[in-house]
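Notes follow the structure.
By letter and in written order, the chains are A, B and C; residue numbering begins at 1 in each of them.
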Amino acid sequence: MNKWIVGAAAMAALWTGAANAQDVKIGVSGPFTGGSASMGVSMRDGVKLAVDEINKAGGVLGGKKIVLIERDDEAKNELGVQIAQELINKEQVSATVGFINTGVSLASQRFYQEAEIPVINNVSTGTLIAKQFLPPDHKANYIFRTSANDAIQSGMIAQEAITRQGFKKPAILADSTNYGQLGREDLTKALAAMDVKPVAVEKFNIGDTDMTAQVLKAKEAGADVILTYAIGPELAQIANAMAKLGWKVPMIGSWTLSMATFIDTAGANGDGAMMPQVFIQLPTTPKRKAFIEAYQAAYKVDRMPSPVSAAQGYDSIYLLAAAINQAKSAEGKKIREALENLQTKVEGIVTTYDKPFSATDHEAITANIPVFGLVKGGRVVPAHPEDLEGDTALRIKPKS
Amino acid sequence: MDILAQLVVSGITVGMIYAVIAFGYQLTFATSETLNFGQGEALMVGALVGLTTINFLIGLNLGTLSAYLLMLPVIMAFGLLQGSIVEFLGVRKAIAIKSEAGWIMATIAIGIIIKNLAENIWGRDALKFPSPLAEASLQIGPVRIQPMEIAIVVGALLLMLAVELFNRRSIYGKAVVATANDRDAAGLMGINTKSVITFSYALSSMAAAFAGVLVAPITLTGASMGAVLGLKAFAVAIIGGLSSGIGLIVGGLILGITENLTGYYISSGYKDVPGLVLLLLVLSLKPSGLFGKATIKKV
Amino acid sequence: MKKLFAILGLALLVLLPFFITSPYYLHLLITIAIFSIVVLGLDIVFGYTGEVSIGHSALFGIGAYTAGTLLFQFGIGFWPSLIAGPLVAAMFGALLALPALQVTGPYLAMVTLAFGTIVQILINEMDWLTNGPLGIKLNTPNFFDWRDYSSFLPFFDMSAKRMKEMQYYYVVAFFLIATIVVINRILASHLGRAFEALRDSPIASDCMGVSVYKHKVIAFVTSAAFAGLAGVLFAYSEQYIAPNNFAFDLSIQFLLAVTMGGRKSRLGPILGAAIVVFLPNLLADINLFRIIAALIAAVAVVAGIFVAIKQPENRRSIIVPVALCLAFFVFSLFLQKITDYKLTVFGLMILFVVYYLPDGIVGFLKQIVTQINPALVKGHAVIDAKGDDAHAWTKVAPATLTADGSLLDGRGILMQFGGLKALDTVDLKIKPGTIHGLIGPNGSGKSTMMNVLTGIYVPTGGEVTFDGRAMAGLKSPEIAARGIARTFQNVQLFDELTLIENVLVGLHHTYHATFFDVAASLPRARREEQAARIRAASILSFVGLDKLANEEARNLPYGKMRLLEIGRALALDPKLLLLDEPAAGLTAPDIKDLVGIIRKIRDHGITVILIEHHMDVVMSICDTVTVLDFGHKIAEGKPAEVQANPRVIEAYLGGSAVAA
C-alpha cells in the first residue's frame, strides 16, 4: 500500500517539476495568434511592461521576481480549458491574468474557481464573467475584472445615442460570436429600459466580406443610427457597405470600434464612429504619458494596436502585485482576500484604484470611468473633449 | 424591386470571385483529378504580395491605377510560382503513389503553413488595399455600385477567357487539354504529363492570386481572408460541375445571389446555409454538377 | 502475442489513474481516450475505405450538442444521451454520405469540409435549441459516492472532486474498450472485408454484389456514430461546450492523428490521439520542442543507418526524410518564438507524415520489427477452415427462361461512346447449361458486352432479359445479386486480402447478420461466418488453391490469380458466369486444368459465357460460339460451323494476328 503512495508521489513530483521557490508565477492566457490577436498581444505587452517595471523595482514579497507563464489560447474554448488546467496543476501559478474572448473566459475560469486561484479578466467584457460564482452560491468568487463589462458599455452606448444625441430609430448590427450576441442582448435591454425598440437587428459571421444585405435592411427599416457589437474587420465592412450604398448615419458601438483594424481599413468611411473607452492614447495624466512612452519605446510603435487592452493588462498586474504584497503570500486564497480588501491605492493607467473590489463586487470599472472616443483622421480622440479635461481626466470608481 | 436589384448586383460580384477560385479547382482537376485544398490561401498570399508590391510602386510616385496595373503581372508570376511549389511539394508524390488522402492532406498542410507564414510576415490584422478606381459608388438605374465591383466581374471573365483561349490555341495549352482528356494516352504521345500537371497548378494559383487582388480593394487583405472564399468555391465547383467552365460561372452566380437574398429576406445569420443545401441537392440529383458531364469508368 | 498486448494495455488503462494524481494529467488522459474513440472511428473511413472526411469535428460536435441540448432543454442526463448522441450523429452522417459518396474522387472531403462550417453556423444560429454562442454548461456526473467507503479504502485521495474524475475516467475507458472491441468485430466480419475489398478494387466489389456505395455509406455512418459517442463523453468531460469548440482544425487534427499513429490498426489511432492532445503542450515550450525535435532526428538517423545497412537498394529514398528530420531539428534551434510558428510546425508535421511516414508510427515500428523478425508481425488472421467437395456447391433455384428457352436474352444492344459504336444493335441469346463462346478480334466489342451485361456500362439502347426479368436500370451489385458473376480481363483481385478472404467477399450474399449482430457477436453472426468459411475453403480446393488459402492475393503467380477470380465468382452462386479471357497468360498445363474446371462448372448447372483468344480452348469446350467484329455480330453457331464461316476467317485475317 505504501508503495502506491510513494509511486504516486514520485510520479507527481516528476510531472509537476520543482518550482523555483524564489519566484511568483503568474499565468497569462490570451489569443496571440488569429483574429483577436491584436488585443491579445497588446494585453500581453502591457502585462510584460508592468512585470518588468515591478521586477526592476525589486519584485514582490520583498525581493521575489514575478515570472510570467504565457500561453496562447488561440481564442479557442477547449484550449483555454487545457491551458487553465496546465497553469493550475502543472505550473502552479499564484494567479492568472488575461482572456480576451468571453467564451474562453466562461469555459476556463471555473477551473481557477475550483482550485481557489484568482483570475483577473483584463479584456473580455461579457457581463456574466465576474458573476459566474457569486456568493452565497459559492464560498468565494475568484474571478475579477479590470475591463468595462458589456452592461456598462451597452448602457453608455444607448445613453449616448438616444439621450445625448437624440436618435430615435437605432439598428443593431452584431457579429454571431459569443461577444457580439451577448453584447446585442445587453444593448437591446439597455434600449428597452429607455422604451426604444431597435428597428432592425442583424448579424454576420466573422470573415464575411459583403454586408450589403445587412446594411440594406437597416437602411430600409429607416434607421437613423447604427449600434455595433463586433470586431475590427467586420466593423470596417459595415462602414464600407454604408459608403457603397450612399447612406451615412452615425456608428456608435462597443469599445472594439477603436481597433486598428477598423480605423485603418474603414479609412474615411470610419470617421465619426464613437465607442466607450477607458483609455485613449493621450498623455492626459503623467502616469499615462509615461506608460505611452514606455510602450512606444519597448515595442517600437507609434500608435498602440489596442491601447485599451494594453492599459488594462498593465493595470491588472499592478493590482495583483499590490494584493500579493498585502497578503504577504503567493497563495491564491490569500491573494483573493487581499484583492477584495486592498489597502493601498494603486495608481493605474485607466484610473486610480481605491478599494476597487469587495467580496461581492469584482468589477474594477464602473460606468463613470469610460468616456466616449471618436475616430478622427486615423486616431481615437475624445468625442467630448470636456470629459477628459482638468479634474475629469482621472475618473475614479465611486465609493459604495 | 430596387432592393432586389441591389442584392442581385452585389451577389454577382461575390459570385464571380467564387467562380474564379473554382476555376482554379477545375484547371487542376482536369489534368490530374486533384485540387488544391489551400486555394483560399493561394488567393490570400497573392493579395498580400500584391499589397506589398502596390505599396512599393505607389511609393515610387506612381498613381494608384498605374501601380495596380503594373502589379498585376508581378502577382500573376508569383501565383505561377506558388502553384508550382504546391504541386511539387504536395501533389506530385501523392499522384505517383495514387494516394487521394495524400494530396488532400498535403495541400491542406501547405495552406496552413502559408497562412501561418503570412501571419508572421504581414501581421494578423486585416489591412486596407489601395483601390485603383474611385471608391465612391455610381448610381446606375436603381442600383448603387462601386467601380471596382464592375472591374471584378470584367476582370474575372477576362481571366477565365484568357486561360481558355490559351488552352485552346497554344501548343502548350493543347498539351493541357490532351492530358485532361486522357492522361495515359497523352503520356504515350510524348507529352510530359508531369509538367503539364505542374503547369495546371501554376495556372490555378495564378487565377487565385488574380482573384485575390481583384477582391482586395473592396474587402480587406489579411491572413484570414482566404479560408471562407476557398470553401465557398468548393460549393460552386460541386454545384456547377468540376468539368464545365460555364457551370462554374453559373454556380458562382447562383451561390452569390442566393446568399445575398437569404441574408436579406430570411435572416443574415442563415446566409451560408442555402449554399450547403443546394450543394447536397445537386449531389443527390446530378452528382456531376448542373453542367458537368458524367464520366465513364474504364475497366 | 496480440493477447498479451491487449492484457497489458487493459492493465495500463485500469491502473493509470492511480499513478496520475494531478487532475491536469487525468483530464488530458480522459481527453486522449475520447479523441481515441473519434480517431478509431475515423480510421474505418480513412484507413479502410480510403475516403477522406474533413467533417468529423462537426459530427463530434453534433454528439456533444445532443448531450448538451438534451440536458439544457429537457433535463435529460448522461446515460440517455449516450444513446442519443451516436444516433443523431449517425443520422447526420447518413445525410452527408448518401449524396456525397455517389461520386468517387475528392467529393466527400469537399462536402464534409463545407458541412463542418455549416454545422458551426447552425449551432450558433439556432439559439432557441442550442443556446447559440453562449454555449451550454454541463456537470461531470458523479455516479457513486465512494466517500462513504473511505474507511475501507484509506489509501486514495477520497475528495469528491477526485472521485468524480476517477469515475469518469473509468466510464470513458470502458467506452474506449467497447469501441475497440466493436471495431475489431466489425472489421473481422464480412463488413470489414467489404471495406477492404472496395478499396482494393471497387469494380470487382460491385460485381461481387458488395455495393461499394452502400458499404462506404455504412462505414461513414458507423464512423459518425463513434464520433457522436465521443462527443457526448467530451461534453460531460469539458463541462462547457460552445460552437467554436468544433472547428475545422479539429478535423485536421483527427486526420493527423490517424495518419501519424498508423492507419488500419487499433494502437495507431490511440497513439495519434495522444500526440494530438499533447501537441499544444509540446508546441508551447521552446525547450521541450527542441528536445523532441532532437529525439526525432536521432531516431531518424538511427533508422536511416539501419536501413542503409540492411537494404542498400533503399539508401537513396531514405536520405530525404532523414535530412528533413535533421533540418527540422536545426529549424527548432533557430526558432525563437514557438507560439508564432506553431501552425507552421503543425503543417510541416502533416506533410512529413503524409509522405515519409504514410503507415504512421505503428506502421514504421512494424516495418522495423519485420526487419528483425518477420514472424513477430502477423498481417492477417489465419483462417484454417477445412473444405470438401460437397460444400463447394449449393443448390440454386431453377432459372426462369424466356419463351424460346434462353437464360439470357439481349435484343438490339447498342453501346455508343461519343461517335463510336462499340456494340451496334447486337442480339445475344444464351441457352441454359451451355458454355457460350464470345470471340472476335481485339476491339470487336467482347469486353464491352461483358461490361454491359454486368451493369458497368449503361447501354445506349436495347434491352436484356435475364432469368425472366428485364435488367434495365440495374446497377452492378443488383445484377450480381440476380446471379451473374464475372471475372476480369485485367485481373481485379482484392490484392491485400488473402485468398480465402477474397472468396469470402464473394460469399457476402450468404450473410444476413446485421451490423448489430456483428457488433454484439450474436450466435447468428458467428454461425454464418463459420458456414461461409467452410464453403470458401471448399471452393478454394475446387480451384486447387487450398494450400495457399492464407496468402495475400497479390503474391500469387498470374495463372493462379485467374483461378482465384473464378473461385471468387463461383462463391456468388451464379446462374450465369462470365469469364473474360481466363486462359490469357496461362501455361499449357494450366490451361488444361482450366478447361477441366470450366467443364465441371457447367456440369454443376452453371451457364458460362467465355471470351477467349485461345481457339483450341473455345473449340473444345464451347457449345455455341458468337463472333463479334467492330461491334457487329457476324456469325453464331456451333464451333465447327463458325470456324468455317468465311466472314469470320476474313475478320480474323483482316484484323490482328491474334487468332491462334
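The rule we apply is simple: a residue touches a chain if its C-beta (ideal position, glycine included) is under 8 Å from a C-beta of that chain, and two chains touch if they have at least 3 such contacts.
In this text the structure is predicted, and so the values were computed from the model without any measurement.
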item: Touching chain A and also chain C, the following chains; value: B
item: B-C compared against A-B, more contacting pairs; value: B-C
item: Most distant chain from chain A by Cα centroid; value: C
item: Centre-to-centre distance between chain C and chain A (centres being mean Cα positions), rounded to whole Å; value: 51
item: Separation of chain B from chain C, taking each centre as the mean of its C-alpha atoms, in whole Å; value: 34
item: Separation of mean Cα positions, chain B and chain A [Å, integer]; value: 38
item: Junction residues of chain C - those touching two or more other chains; value: 121, 124-125, 340, 342-343
item: Chain A residues counted as touching two or more neighbouring chains; value: 33, 176, 205
item: Residues of chain B whose C-beta touches two or more other chains; value: 119, 227, 269, 272
item: Touching residues on chain B, where the partner in the complex is chain C; value: 33-35, 37, 89-90, 93-94, 97, 99-102, 104-106, 108-113, 115-117, 119-120, 227, 231, 234-235, 237-238, 267, 269-270, 272-273, 275-276, 279-281, 283-284, 287-288, 296-297, 299
item: Chain C contact footprint on chain A (complex, rising order); value: 1, 4-5, 7-9, 11-12, 15-16, 32-33, 70-72, 75-79, 81-83, 85-86, 88-90, 103, 106-107, 110, 114, 176-178, 180-182, 205
item: Touch list for chain C against partner chain B, complex; value: 46, 50, 52, 54, 95-96, 98-100, 102-103, 105-107, 109-111, 113-115, 117-118, 121-122, 124-125, 203, 248, 252, 255-256, 259, 340-344, 346-348, 350-351, 354-355, 358, 417, 447, 451, 456-457, 488-490
item: Complex interface listing, chain A residues touching chain B; value: 33-35, 37-38, 41, 176, 202-205, 207-210, 212-214, 216-217, 220, 232-233, 236-237, 240, 243-246, 260-261, 264-265, 267, 305
item: Residues of chain C defined as touching chain A within the complex; value: 18-25, 27-28, 31, 121, 124-125, 127, 132-135, 155, 161, 238-242, 244-245, 247, 280-281, 284, 339-340, 342-343
